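Both of the next two complexes hold subunit A, though its partner changes from subunit B to subunit C.
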Partner chain A sequence: MRNVAIAGVGYTNVFVSKRKDMNAPEMIAEAVDNAFRNTNLRPEDIDAIVIGNMQTFEGVNLPHLWASEHFCGVGKPVMRVATGGTTGMSVVHAAYYHIACGLYDTVLAIGWEKQSEGDSQVGLTGIVLPEALALVPLGLDMTGKQGMVFSGGGSTGAASFQAMSYLAKSGGTIEHIDKMAALERGNAALNPYAHLKVPNCKPEDIAATPIVSYPLRFGHTCPTSDGATCMVMCSAEKAPKIADKVAWINGLANCASEPTTGNLLEGLLTDPAEQMPAKIASKKAYEMAGITDPKKEIDMAEFYDGFAHQSMMWSERLGLFDEGKAPEMLDKGVMNLDGEMPVNPSGGVLCTNAIGASAMNRVSECALQIMGLAEGGHQVPKKVRNALAHGWGGLFQYVTVTVLGDTPRKM
Partner chain B sequence: MEETRLVQATWDLSQCKFKISGDGMKVLLEGLREGVFRGIKCPQCGTVYVPGPTFCRKCFIDIDEVVQVSDEGEVETYTVELADVRGNPVEEPTISCMIKLDGADTWLIGVVEGIDWQKVHVGMRVKCVWKDASERTGSLSDYTRFVPIGD
Partner chain C sequence: MAKEREILNSVVPLDFTYNYRVGIPLEKYILGLAEGKLLGVACPSCKKVVTPPRSICGICNEKLDEWVEVGPEGTVENWTIGHVRLEKGEAKDNDEPVLIGMIKLDGATSLMPGLIEGMRPEELAAGARVRAVFKAEPEGSVRDLDHFEPA
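Coming up: the complex of A and B.
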């Protein structure tokens, strides 16, 4: 196995609700162009491309083929990866395996979503619809209260079960979720590539937004964004030719449990706030990266937090704080941009959510923090040696983890 | 050009033939007709599934031991729908709960009524409200809701 470096990142110029001036392939091309601009990469250096976006959201079945000319993919190996919310990080992992195994030296990893061109809610409905339709003949009234409850009211409805369970376990309050959201909206204001930016956001600003599905408010939820990210990944040998500064992928893992939402068919076994896969995957990734005490050795983290309570939950499940301690750490300012364990300096998924890029941006943001290249004031003030990136999705039960470092791991 | 255009269409769901072969679901439905919850227990790890799969998801072995569980249980987590899909406040908020029935290891989704939503809490004890025996047909609609009982 060989070490793999991240040699550069290209984002679309903006992440916004509706990117009206271009179509999806053109939007992907903008991120790829920016990756070229930010590195010494030449088109002939690219050995293979891994690309991903959320299944069904744009209503286009084979978008990677539609866009192949726009990401320099003609005549080259192309692989599409689609693992729901985690897609962007699964793309990074697939690109890592391409290089680590020795078959390819330089790979473009691309994550994108143009949510304004499709109907995300229809896409999400497709996740539970087969089970719901199978239950209708057995007496489930989809139009009545039981049906509404079963379908969980979409993603937020299902996440609210998780949020309430997390609050009950940790002793946190809805005010802590307000505070977490305010922290991230404020961080986003310092990130030129964030979508929802609220300079100096206060918990009271969040608390003034209406409840969507108790205990989650509108201000606790992520937007739907258009945007793309392109990462240049390469072997240690190629790295110096492509970029002056690189970050290293030193540990990676993924893990699934059974579905923790829906599953009326065969009995729901798992608390959606338990997130055992996060514990298992992070343990494996830390071991691979040679990290024995993540509380001390990890300098900052980027989590997949579609909903604000999750940044607290993940920081515990991924071993950065003891179980139940995150609300206290938040109150103490530990999770602030200038705190001891900055969480989502970019504003996180909570503020920018082009789904296929969302989990990738966790990795790219950690890489930029390590390189010292985070723009617009969201670079954390301390030196970042090791960073933790996390992706989440599936039926609330699939987790990807990447540990990055400023030096390559010892083989 | 208009930013959003609407195209009217229908989706013929009769073409979607998703099926349940589940013997475990059959066990549940037959029990519901009698006004009881029944699931399937794994002889190896003791996990009780309601409704049961026909294999244990932990041990990965076939299971078929039918067990009856209580129609009382505990709220494990919940949410309250205070607004409709358009964001308009609803007159009667729906309290959706994940309920672990006594004797079961799995969670069942159920509506809880008969309590102010602000008084609902994790750990709250609830009991199933059944349809009259004459109206029960062995269907998921045989139990309509749950109501709180003393802690």
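Coming up: the complex of A and C.
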């Protein structure tokens, strides 16, 4: 097995709710073009492409083949990966496997979504509720009062049970969720590629938004975005020839449990805030990266936080704070951009959510922080040696983790 | 400044029909509702009781084939109050806030989501006792378990 580096990151020029001036492959091409900027590569130097977006969202079932010309894919190995919300990080992991095994040296990893072209809630119906969907003809009304997730306000309704459980366990309050959301909206204002930006956002601004499903407010929820991300990944041998600055993927893992609360037919799990897969996957990834004390050794983190309570929950489940401590850390400013453990300096998924790119952006943002290339003022004001990227999705029960470093791990 | 021109937008309605087999455990559960029964399955290894039933315990890798009757009363373990519903992607305000509980039916270890009627939002709390209300005239669907009411 060989070490793998991230040599270049390209985003679409903007992440917005409706990208009206181009079609999906053209939008992908914009991110691919931008990814080459930090490297000495040309399209012919790319050995293989891994690409991913959410299943069912745009209603295009072979988007990787439709867009092959737009990502230098003609005549090359192309693989599509789709694992729901975690898709973008699963793409990174698949690209890692391509290179680490020795078959390919330089691989493009692409995550994208053009949510404005489909109906995201219909898409989620086929993803979050596959079993419930099977019950529609048998009487489950997905749009009326019996559609439990729907009457709770879509995915926010499903997430509300997790938020309730997290608050009960941690002793946090709805005001902590307001504060977490305000912190991330404010960070997003410093990120030129963020979608929802609120300069100097205050918790009171968030608290003024209406409740969707108690305890989650409108201000606690992520947007739906159009955008794409492309990363150039390469072997350790290639890295010095390709780019001046690289970040290393030093640990990675993923883990699923059975579907959790939020489905009509859930599994045996009864606590959506338990998130056992996050604990298992992060432990494995830390071990692989040689991280023995993540609380001390991890310098910053990017979490998949579709809902604002999750940044607090993930920081505990992924071992950065003790269980139940995140609200206190938030109050102390530890999670601020200039704090000891900056969380989502980019603004997170809470502020930018082109779903197929969302989990990839956690990795690309950590890579840019390590390279010192985060633009627009969201570079954290300290040396980042190790960073933690996290993806979440599936049926509330699937987690991906990537540990990045400024030096390659010892093999 | 000239108004930004919007490029052509092609609207394509697609209407798909799928058919899904629910599996024998779920069929048995649905048929049980028509008789006013809530059926679950117990894991022979970890003894967890799941309803609606499924065929495998993923923790123990055991087949779930010990049938037990659970409920009709249960305890609210987790809850939310829905102020908004989604209809074909459009967010609409509910006429009245909708009370949704994650209910642990007596004898079960899993939680079942259910609408709670006849209770004011301020009365909803973890620990509240509720009872299943079945349709008076069953139609052979999951909707035969209509809602829950205070027990």
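We take it that the second predicted complex is superposed on the first by the 380 of 411 C-alpha atoms of A that agree within 3 Å, B and C clash if a C-alpha of one lies under 4 Å from a C-alpha of the other, contacts with A are read in each partner's own complex, and residues count from 1 in each chain.
The rule we apply is simple: a residue touches a chain if its C-beta (ideal position, glycine included) is under 8 Å from a C-beta of that chain, and two chains touch if they have at least 3 such contacts.
Here the structure is a predicted model, which means the values were calculated and not measured.
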item	value
Touched partner set for A:Glu258, first subunit B, second subunit C, both or neither	both
First (subunit B), second (subunit C), both or neither touched by A:Met164	both
Partner chain(s) touched by A:Gly59 [first = subunit B, second = subunit C, both, neither]	second
Touching partner for A:Asp119 - first (subunit B), second (subunit C), both, neither	second
Partner chain(s) touched by A:Pro223 [first = subunit B, second = subunit C, both, neither]	neither
Contacts of A:Asp21 with subunit B and subunit C, given as first, second, both or neither	second
Footprint overlap on subunit A, comparing subunit B with subunit C	20, 133-135, 138-141, 145-146, 148, 150, 152-153, 157, 160-161, 164-165, 168, 210-214, 258, 264-268
Subunit B partner contacts - residues on subunit A that touch it in the complex	18, 20, 129-131, 133-135, 138-141, 145-146, 148-150, 152-153, 157, 160-162, 164-165, 168, 210-216, 258, 264-269, 271-273
Subunit C-facing residues of subunit A, complex	20-21, 59, 119-122, 133-135, 137-141, 143, 145-148, 150-154, 156-157, 160-161, 164-165, 168, 210-214, 257-258, 261-268, 270
Touching residues (chain side subunit B, partner subunit A) in the complex	3, 13, 16, 18-20, 22, 24-25, 29, 39, 47, 49-53, 57, 76-83, 85, 87, 94, 96, 98, 104-111, 117, 121-123, 137, 139-142, 145
Subunit C to subunit A touching residues, read off their complex	6-7, 9, 12, 14, 18-22, 26, 30, 43, 48, 50, 52, 54, 57-59, 77-89, 91, 94, 98, 100, 102, 104, 109-111, 113-115, 126, 139-144
